[in-house]
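Okay, so chain A shows up in both of these, paired with chain B first and chain C after.
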Partner chain A sequence: MAAIPLLLGTALAGFLAFLAGIFEDSESNAGSASNPNSQVQLAPQIGNRHRYFNKAISGEPPANALWATTAATIAYLLTAHFGGDAFSMLVASIIGAAASTLLLCAYGVLSHISRIASMKNFEQTLYWDSLLTPLPLDAAFGFLTALMLTLLAFAAHSLLGNPFSVPLLAFFFGITIGAIGSSTGDIYYGAERLYQHYIFGSGIPISVQGDIDVKGEYGYRNSVDTPYFTMRFGGLVTGLAFGILIFLDAWSRLFTFAGVWTSVIVVSVLVLIILIFIYLLEVYTRKRYGRYTED
Partner chain B sequence: MVDPLIATIMIIAGGVLVGVCVHFIPASATGAMAAATGIATGPSMLSAGAGLTGIYAAAYSIDSGLVLVIVSGAVGSALMLLITIFCGNIMLAFGIGAPPVSGQTASGKSTFGGTKDIITGFEQEGYASPGTDGHGMPFQTAVSGTIGALMGGAGGALVFYAVYSMTLPGIATENAVTLAGIVAAGVFLINSVLPAYVLVGKTEGMFDMKIRSMHRTFISCLVTSSIVACVIYAISWLAVSEVIV
Partner chain C sequence: MKEIQIHTLFGAALLSGIAGILLIGHGISIGIVFLWLPFLSAANSVRGMAKYGLGTGNASIGYWGTAVGATSAFVSSLPFSCRSTPLLYVAAVVAISLVVGLATGVLADKVIRMKIPRIELNSAVIAVSTALITAGSLLILGSNYGLYPFIYIIITLAVLHPYNASTGAGENQKRTLMLALVEACMTTLAIGIVAMLVSGSAIPISDVVAIVVVSACGLLVAVVAWYRLVKSDIYEIRWTGYSPAEH
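So, the complex of A and B:
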């Protein structure tokens, strides 16, 4: 029977990772921060003036690693200096996440302004409302992501017993969540939300890229509406991916039937099971959608 | 623990493995618009995400010997990549409404020729959305990605264990682990970015013709990793010999 901290840590880490995934995807979508930012950037060049908040500071993995590591470093220093229990760790994490959110806001504002300014030749206007309205929402999601990753790093270090220090764990989680977020949730933003006026059931042809939705359900579309839409599916699947990863990784260490090799055996079996699921999903989609036919 | 000179060779080998692994991981930035086959992000960053998960997993087994560290890193990395592929395909199937299909294979430009998935035998031609170069991760690319992730995770873990061995005599265990983690992450990031110059933002793994340019990645990663390994060796030697404290 595994120790109580290990069981608690496994459940807590999985849950925190699930929440972090949802918040990370929403943050990147509210700020057009990942791969689909190319479409927002391209839109003015083909005559689509838009009101999207476009704050791609860097690739999603390094950006999230920066927010998470900043928050975790501050939180770790505060707890190391003042000491204390789980509650003080939580307070320190909140302070750390708030500090990293300030950084996010500063970079976000400068990034949006400079990106829009670079589109001056294509008559893209710098709308202040398209910057100031989504910024607090984006910052809120950024804050929650940094907070969840910091708490996850503390949980992995103290409950799961990972030998890495808390800030380094936060860096690792930041890179990983950025890679997962930009690989899963972004497809829903880039291929569905930005192109809702194209028929469902198809990838976006290269020839129409940049022809994004500039008008929404009412009036001009803005980046506040985006997470409201993407969180229902894209955010959840991103959360599921990161949550399952952290949970299964920790869960594989709860068993001891083969000594030190137990975890490797469990993860190897899991890898095979996921491969089977990938195969079954492909079979299902091929039967469900079939070949493309001329309409 | 291993001898510092062997550890230096391990860092070079790990760096090269990391660089080569990127060629096997199917990824494409335009995949985010479901306009190309592969996981919807840059190959380098995706490999970094998978590799760092491997190092994270390997850290739990740091006291159990080299072999376990390498295998833990490899399977941890593969787990991350396969979960990402599975969830990416879920997104494509239910969010976009399209089946996973290999664009290169559909157009007959796959490494092995033909228009069928080489493992499942599924026909690829006709399933890609018009005007796109495929979308999602069909089974053959998932298998290629698994091979790549196993290599990348093993490479990262190799560097991690080598740096841990080199620095342990000089500093406390918990500091040595974290330092090794930082250096391994750095070596991983350096070597996973280098193939980007060959892949230019898109690859379908071992079924993409770009796999034939792997020797360029191999040479560039070998040179870079050798320089990095020499620097790490020199600093570790100075620290362990207490020349610098």
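So, the complex of A and C:
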């Protein structure tokens, strides 16, 4: 029987990771980061002048690593000043996440303005309102992501007994969540939402890249509506993927049947089960839907 | 318009970076201003490599180069003390980052065959420049291992972001480098603020306050200069509206 802090830590880590996934995907979609970023960037070049917020900071992994690491570093340093109990961790994490949100806003504004300044040939106007309206929303999601990842790093370090320091754990979590968000969640925005006038699931051939929807259900599309749409599927799927990853990884701490090798054995078995499941799913899908056809 | 050459900017950044580290090492913390030039040099080399249509590879170049640079600075701080023997430390940082940066560039060119012109030179420039910045940051923040991820990632973003943010047909070196200066000031400001929180900091609190004040002033000046360039480059700035062609 595992100790209570370990069980509690496993549940808490999975829960925090699930929430972090939802917030991270919404944050990246509110700012058209990573994959959608290229689509929005290409749009004016083929005559689709838009009103999206194009937050070209970098790929999602390094950007999220920066928000999470900054928040966790500040929280880690402040916790020592505040006394080190659970309450001080929570307060320090909130202050750290708020500080990293300021950095996110600064980078977001600099990126959006710079990208549009480089679009002079294609007559793309800088509309202040299409930057300043989604920015607080983006910042709010960014704050929540950084907060969840910082709390997750504290949970992994103190409850689960992870040997790495809190900022290093937050760095790993930031890179991981960015990779999952950009591979899992963004497809829904970058390949479906922006290309809603093409047949669902048809992908984005090179010939249609940049031909995005600039108008929506009512008037011009903006980046505030985007997370409202993507949270119904892309955000939850990102949360599910990251949540399962962290939750299953925490299992390696619950057992002690083979000494120090326990975690290696547990994680290897889990990876094997997941691989078999994915293989069977792909075989089933290929049999069920057949080859891709032009029409 | 004539562009600044990689060699010129790197030479200036190398001298400026070494001067900055020695000044900070001797207790003159506002020597941090000399670390801004290495940011420009590294961002310029990211631009030099990513300009050949790398697109999403832009970020990868940033963190590959900074990984080499930051690791060189971290490794050099193990045998050589950055406080008691600053000259030896700087020499080790420059030598290790130059060799490893060149080696990774040659590997990327000859083994992986990435076919990017001048990849060896640019990768060495990014490595040395970021190594100098990391060494300066270590002098301010002290050798606390818990802070290494923060030092690494905040320098990475400041180096890869200027070109990534300015990408487009109307991009030019002047505006990209000005954005690099804005982000260099922002980064030293953030490092200064974090240094305030470090208990038993490597340098006295008055010096840290000086770093924060100098960085904030630099940030203000750089943002104004960058926004002027934006206004001269941009098609049109409006509070709100729609594309005129469609309404």
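Throughout what follows, the second predicted complex is superposed on the first by the 287 of 295 C-alpha atoms of A that agree within 3 Å, B and C clash if a C-alpha of one lies under 4 Å from a C-alpha of the other, contacts with A are read in each partner's own complex, and residues count from 1 in each chain.
As a convention for this text, a residue touches a chain if its C-beta (ideal position, glycine included) is under 8 Å from a C-beta of that chain, and two chains touch if they have at least 3 such contacts.
Because the structure is predicted, anything quoted here is derived from the model rather than measured.
In the superposed pair of complexes, A:196 makes contact with neither chain B nor chain C.
Once the two complexes are laid over each other on the shared chain, residue contacts for A:36 go to chain B alone; chain C is not touched.
Using the contact criterion defined above for the overlaid structures, shared-chain residue A:241 touches chain B, although it does not reach chain C. Contacts of A:103 after superposition: chain C is touched, whereas chain B is not reached. In the superposition on chain A, A:57 contacts chain C only, with no contact to chain B. Shared-chain residue A:286: touches chain B; no touch with chain C. Between chain B and chain C, B contacts the larger number of chain A residues.
Shared-chain residue A:168: touches chain B and chain C both.
Residue contacts after overlaying the shared chain place A:116 against chain C, while chain B stays out of touching range. Common to the chain B and chain C interfaces on chain A are residues 38, 59, 62, 165, 168, 171. Of all residues in chain A, only 34-36, 38-39, 59-62, 161-165, 168-169, 171-172, 175-176, 178-180, 182-192, 194-195, 200-209, 233-234, 237-238, 240-241, 244-245, 248-249, 253, 260-261, 263-264, 267-268, 270-271, 274-275, 277-279, 281-282, 284-286, 288-289, 291-292 touch chain B in the complex they form.
Within the complex formed with chain C, the chain A residues making contact are 38, 41, 45, 49, 51, 56-59, 62-63, 65-66, 69-70, 73-74, 76-78, 80-81, 99, 103, 106-107, 110-111, 113-130, 165-168, 170-171, 174, 220.
Of all residues in chain C, those touching chain A in their complex are 55-56, 58-60, 62-63, 145-150, 153-154, 156-157, 160-161, 164-171, 175, 179, 182-183, 186, 190, 193-194, 197-199, 227, 229-230, 233-243, 245.
Interface of chain B with chain A (complex): residues 27, 29-35, 39-42, 45-46, 48-50, 52-53, 55-57, 59-62, 64, 68, 71-72, 75-76, 78-80, 82-100, 120, 122, 126-135, 137-139, 142-143, 146, 173-174, 177-178, 181-182, 185.
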